[in-house]
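Shown below is the structure under consideration.
Every chain is named by a letter (A, B, C, D, E and F) in the order it is written, and numbering of its residues begins at 1.
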Amino acid sequence: MEDRYTKGLKNLEKIHPKTSKALIENLEDIAPDLGRFIVEFPYGDIYERPSLDLKSREIATIAALTVLGDTKPELKDHIKGALNVGCNRQEIIEVIIQMAVYAGFPRAINGIAIVKEVFDEIDREK
Amino acid sequence: MEDRYTKGLKNLEKIHPKTSKALIENLEDIAPDLGRFIVEFPYGDIYERPSLDLKSREIATIAALTVLGDTKPELKDHIKGALNVGCNRQEIIEVIIQMAVYAGFPRAINGIAIVKEVFDEIDREK
Amino acid sequence: MEDRYTKGLKNLEKIHPKTSKALIENLEDIAPDLGRFIVEFPYGDIYERPSLDLKSREIATIAALTVLGDTKPELKDHIKGALNVGCNRQEIIEVIIQMAVYAGFPRAINGIAIVKEVFDEIDREK
Amino acid sequence: MEDRYTKGLKNLEKIHPKTSKALIENLEDIAPDLGRFIVEFPYGDIYERPSLDLKSREIATIAALTVLGDTKPELKDHIKGALNVGCNRQEIIEVIIQMAVYAGFPRAINGIAIVKEVFDEIDREK
Amino acid sequence: MEDRYTKGLKNLEKIHPKTSKALIENLEDIAPDLGRFIVEFPYGDIYERPSLDLKSREIATIAALTVLGDTKPELKDHIKGALNVGCNRQEIIEVIIQMAVYAGFPRAINGIAIVKEVFDEIDREK
Amino acid sequence: MEDRYTKGLKNLEKIHPKTSKALIENLEDIAPDLGRFIVEFPYGDIYERPSLDLKSREIATIAALTVLGDTKPELKDHIKGALNVGCNRQEIIEVIIQMAVYAGFPRAINGIAIVKEVFDEIDREK
């Protein structure tokens, strides 16, 4: 049986193939165990669970990060993650617009500014 | 062309068939325009948009309400709403558990307590 | 020169004539200094400042408490306080409805439910 | 009868004469409907309502944005908006200082840093 | 080597001897894995870490729960938990009063109301 | 008897010897009374209280600021403050990691990024 870290790393690489290494490395010399916990708990325990597909999980995560505020690096990563697991661009935009209803327009406007930045980055890389 | 209020009422009744009237009536003698705005903007403008299906919208809403906290009446309504547009019980539970990752365990635990209350209500009504 | 506590008590009694004593007494046997700080800092230092009238201050406070969530006892007190310093009922309702724009509909709906409770209490006391 | 978009645009231009166009244009190629919703709902429906004057509405908005956090672009716009509808500089400062009471000192300190930035920008433009 | 669940259960029982069973049982028929995650991650991984003593951890937790709002059941449990790992009553009160500085007076006042309820419960049980 | 301002200044200088002056000076030409309130209330009234040691107070503050989000300048100051009153680096890291449990991983990850920035600044100054 695979251990939680191995499972988590697979999910992390599936969802964030370009940034998963940076996430762990950034934490390595300051709080390496936080890096390990991220691999093991969200990605090894939660995203591994079968009863909800990864696309729906990323929709929930984008909603959550938009509502929370002050989550720009995480929101950027999960917008890319959502694209990697099957969301299209308009679906991501829709989730963020919808957050105007539940968390107010400032959070939605900021979320859209971040989504625009991410899509521009992706288009430039092409 | 249907107006926003008519469209909103249809979506409201599709998502919350049992509570849509109470929502509007509760606001009628104190802030009737807020009732109208709810029908027109979230349900007439947002939930009407074609690029994201209602099931995904309810997943995003349950994530948002769990993260926000102090949203028990709304979360109860949208748990029922999610069931009405095609989520199954376990999917709703999964979204709320996942919020432990993004908003911490207290929000997830409270969300699960609310989901339990809703499922118990539904089971008793059967 | 009046000290901060005396000034604060005057403002507290002007804004919350019916509940000021209960606020202080409730804290007396558990955290009396918190009661003293409330009199001295918000009511003695802040509400005492001349550059903004009390009516505008209460509008700002009702906006803040609606946005924060989980502030029912404080919001009830400040709705009454707003009425005591010159707001009319509709102005209070307007501030709370407006919060739908900045903090989302759930906070506004909850705020309106609280305002309704307060107005009903006032009407019954008449 | 003027439609909501036309009314909203008038209010948007009255409150934010210098930034209203940028707000809509920034959203145009990524989420144009969000731009339209902002014109129609907050500015066409809410700021249009007669029972609360625009100055009081801006006081409520500045309170809300200070409390929310992570709202720098919106707070900058509404500080200017408050000046445009009749608030003086000290009144805006007072609202933000008062938020120390309801949302803690970090939110108030950040709000004051933003207000300083806005006033400096205005003074340089003169 | 003990597994995470066993370690977590020991910490959970040390910190919350009276409520640890109820916490897990409440989740058993609705989201048993969330119960398991609580034992394994916060109590098995985090509270197990040697570099910060349990008393300091509970001080941090009480600060966090007071700031978050809408966390009454968790705050009640952790007030008892803080007493169980060496905090005295006045220290807990001090942490909550201090939160007036960082999250505003409403959160501190609500926190003190909850602490009063807990101390009263403990005194009645004696 | 020392007045609140004098007491507050002493505590401010003990906790933040390098930044206390900048904090007050930054506010001097825009909101000098907010500067005075910070000295008098948090540092003169709260941090002066004897029933909780300064090290525990800084642990509570770091927890609170991590949970709140959008508090980078304050968190940087209080990380240094915590070191100045007896916390070691690992204890600060532990408090922030623990916040993953109560406020979710994004807040903890952002907190750790800030702590890393502060420790790097301190190391470069040596």
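Following the convention adopted for this analysis, a residue touches a chain if its C-beta (ideal position, glycine included) is under 8 Å from a C-beta of that chain, and two chains touch if they have at least 3 such contacts.
Only a predicted model underlies this, so the values are computations on that prediction, with no experimental measurement involved.
J.: In this assembly, which chains make contact with subunit D and also with subunit E?
T.: Neighbours common to subunit D and subunit E are A, B, C, F.
J.: Per the definition at the top, count C-beta pairs in contact and tell me whether A-E or B-F has more.
T.: If we tally the contacting C-beta pairs, B-F comes out ahead.
J.: Taking each chain's centre as the mean of its C-alpha atoms, give the chain farthest from subunit C.
T.: A
J.: More than half of D-E's contact pairs recur, by residue number, in one of B-F, E-F or A-B. Which one?
T.: Checked against D-E: the matching pair is B-F.
J.: Under the over-half criterion for shared residue numbers, do copies subunit B and subunit C use the same patch or different patches to meet?
T.: The interface of subunit B with subunit C is built from mostly unshared positions.
J.: Mind checking the centre-to-centre distance between subunit A and subunit D? Centres are C-alpha means, answer in whole Å.
T.: 30
J.: When the centre of a chain is set as the mean of its C-alpha atoms, what distance in Å lies between subunit C and subunit F?
T.: Each chain reduced to its C-alpha mean, subunit C and subunit F end up 29 Å apart.
J.: Which positions in subunit D are in touch with at least two other chains?
T.: Touching at least two other chains: 33, 37, 41-42, 49, 65, 68-70, 93, 97, 99-106.
J.: By the document's touch definition, which label belongs to this structure's chain graph: line, ring, star, complete, or other?
T.: It is complete, because no pair of chains fails to touch.
J.: Give the list of subunit E residues in touch with subunit D in this complex.
T.: Touching subunit D from subunit E are residues 99-106.
J.: Which subunit E residues qualify as touching subunit B in the complex?
T.: Checking each residue of subunit E against subunit B gives 26-27, 30-31, 33-34, 37-38, 42, 65, 68-71, 73-74.
J.: Would you mind writing out the residues of subunit A in touch with subunit B in their complex?
T.: The contact residues of subunit A facing subunit B are 41-42, 46, 49, 51-52, 56-57, 59-68, 90-91, 93-95, 97-103.
J.: Considering the complex alone, what residue numbers of subunit E touch subunit A?
T.: 33, 37, 41, 45, 49
J.: Mind pulling up the subunit E residues that touch subunit C in the complex?
T.: Touching subunit C: residues 69-70, 93, 96-97, 100, 104-110, 112-113, 115-116, 119 of subunit E.
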